[in-house]
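Heads up, there are several structures right after this.
Both complexes shown next keep chain A, but they swap its partner, so chain B is in the first and chain C is in the second.
Right after this comes the complex of A and B.
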């Protein structure tokens, strides 16, 4: 079998992704997370009288706590694959990646298991976030101030 | 109205992520990293404030807000305290997200067993 035939075979065997359907699911699930966040925010500001900015931080903490808990209980992995990027892009994806990777390596012990693997997936978010923020600030300071 | 705006904003950001996943070979890890950098870039270009104006909470929930907050904190640190401020201030506003994720992840790992 030469390379072209092989490529054709791969193309045939690879399951076709239904982009439209995936996007629709991601849109609805992501939107639902947005609505849920707004609801929590409204309750905090209107009922408990928390300030807008503080309530926004509480919303993030509550969402992270909820997705960690659901990951621990074992529901979230399944939902995560089904909802496509709907749960990945919101902050829930960040919390899920941390909890799931530290749970997965729990049996290897406290240090080499949990300690070394908690940031395995979430680490890249923090790393590139910091690098990007730092670089953009340097550019801003050098060229625009 | 705020509910609809939040729905649309978070939904559309998720769709953009899904389009990238479906049409390229990038994995979930790539997507989240790209979106954080994208958030910092939008903040740098001054576009992120429009998103916050459109939907206050909707702009905080996606992972892009991480990049936005990091950039804003870093710049604010420079304004207040010069180059030292960039280092001391960079993680201040994202602290809530990172700390709570670590704390909840650790507690859940202690109390729960992996599924398989």
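Right after this comes the complex of A and C.
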């Protein structure tokens, strides 16, 4: 039995993820977060008379605050796993990754611990987000103006 | 030749300590258990050190031994540079060798101790090993509070520590022979699939052990691997059959049999304490088997090798026990 034969065997024995089921759960959970965000938005504009633009920012702050708080209280990681990343795509996932990294490195100090590691998981989102924003701006300037 | 036979090496005593998840697992009858991953300490690392100290203290006091009565302390854990065992060992004035074979460290410590005792260089040796779910998770995977998706074939690191006392005075548990394994690379790159990384090395060590001692599989009442898990066990049996023409019926994997179904651990338990806690709390207490072959399986990957997408290496060491 050589390496190729063995790796074929490994592929055969290793269980496959249920892609369709996982996508469905993620779709429902992600959609639920969207509904929740809209509800908050409605309540803020209709009940409290907040302007549409301000309400959008408040929604983001509330969702980020909630996912960070729930991460700190130790619930969010279980829900996150069960939701098959349905909680990842909205901003909740970004806040969750930052809070969990910060908690992890708290014991190593403010600078070398929290400071250096908060963006351990979210860092690529920020870096490639900035690069993508730059590239799209260039495209916009060159071709459309 | 990497196989050794022993005439005067015995296990005199052993202590098992486990964490909260193992306490409610299929196994019971541990010497001690903890309810909290922090074990009253500030960090998980300090908790794991305390676990090691607790088992060492207990085994010394239960056998009325002083530090000066122990000739050699052998041990290891999973955390970088063996920081857990090194720090725990600094509390005892006992000559110390730190060992690393990942999850095969228990057998490695037995083999090193047994060879020293057999050659009459020392009279006894104390071995200590540990793993802690949170320290391992943090080093090998993601931050603890981060809810990454777990693969269906991933495993769950056992929290626990085990100390055992090897001696040249006769007891009921004889260390009969051992085989040192070779480092094996079979081209697996997925660190979550530890069973697949380790299965070929377990089969290789089993084959060499049987070959060196001119034995058949049926010589043993039980062949037990450490933490191949559900899928690794299948691969192990397949490799044994196809590559070495060995058919194994008297076989059991400790890691696949520790947690209950509802504990949702996918492929099973992993970590160096899987094998000894299963051996000490189940196999030896059941008194069903006389000749037991332990194959501890270790995946020697580091996070750097994983991130660079290199193929991952494993090693398995075998120890044969005869129980009266």
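Quick note on the criterion: the second predicted complex is superposed on the first by the 144 of 145 C-alpha atoms of A that agree within 3 Å, B and C clash if a C-alpha of one lies under 4 Å from a C-alpha of the other, contacts with A are read in each partner's own complex, and residues count from 1 in each chain.
In this text, a residue touches a chain if its C-beta (ideal position, glycine included) is under 8 Å from a C-beta of that chain, and two chains touch if they have at least 3 such contacts.
Values in this document were obtained by computation on a predicted structure and should not be read as measured data.
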Quick one: is A:59 in contact with chain B, with chain C, with both, or with neither? Answer first, second, both or neither.
first
Please work out whether A:10 is in contact with chain B alone, chain C alone, both, or neither, and reply first, second, both or neither.
second
Would you sort A:85 into first (chain B), second (chain C), both or neither based on which partner it touches?
both
Touching A:121 in the superposition: chain B (first), chain C (second), both, neither?
both
Going by the contact rule set out at the top, does A:34 touch chain B (first), chain C (second), both, or neither?
first
With the two structures laid over each other on chain A, which partner does A:45 touch: chain B (first), chain C (second), both, or neither?
neither
Looking only at chain A, is it chain B or chain C that touches more of its residues?
B
If we overlay the two complexes on their shared chain A, which of chain B and chain C does A:77 touch? Say first, second, both or neither.
both
Shared contact residues on chain A for chain B and chain C?
17, 71-72, 74, 77, 84-85, 97, 99, 103-104, 107, 121
Using the touch definition up top, name the residues of chain C that touch chain A in the complex.
42-43, 138, 142-153, 186-188, 193, 196, 200, 231, 234-235, 238-239, 242-243
Which residues of chain B touch chain A in the complex?
2-3, 6-15, 17-19, 21-23, 28-29, 31-33, 35-37, 39-41, 43-44, 55-58, 60-67, 70-71, 73-75, 78, 86, 90-91, 94, 96-98, 100-102, 104-109, 111-115
In their shared complex, chain C is touched by residues of chain A numbered 1, 3-4, 6-7, 9-10, 13-17, 71-72, 74, 76-81, 84-85, 87, 96-97, 99-101, 103-104, 107, 120-121
Chain B touches which residues of chain A in the complex?
17, 19, 22-23, 26-35, 37-39, 41-42, 52, 56-57, 59-61, 63-65, 68-69, 71-74, 77, 84-86, 88-91, 93-95, 97-99, 102-104, 106-107, 114, 118, 121-122, 124-130, 132-134, 136-137, 139-141
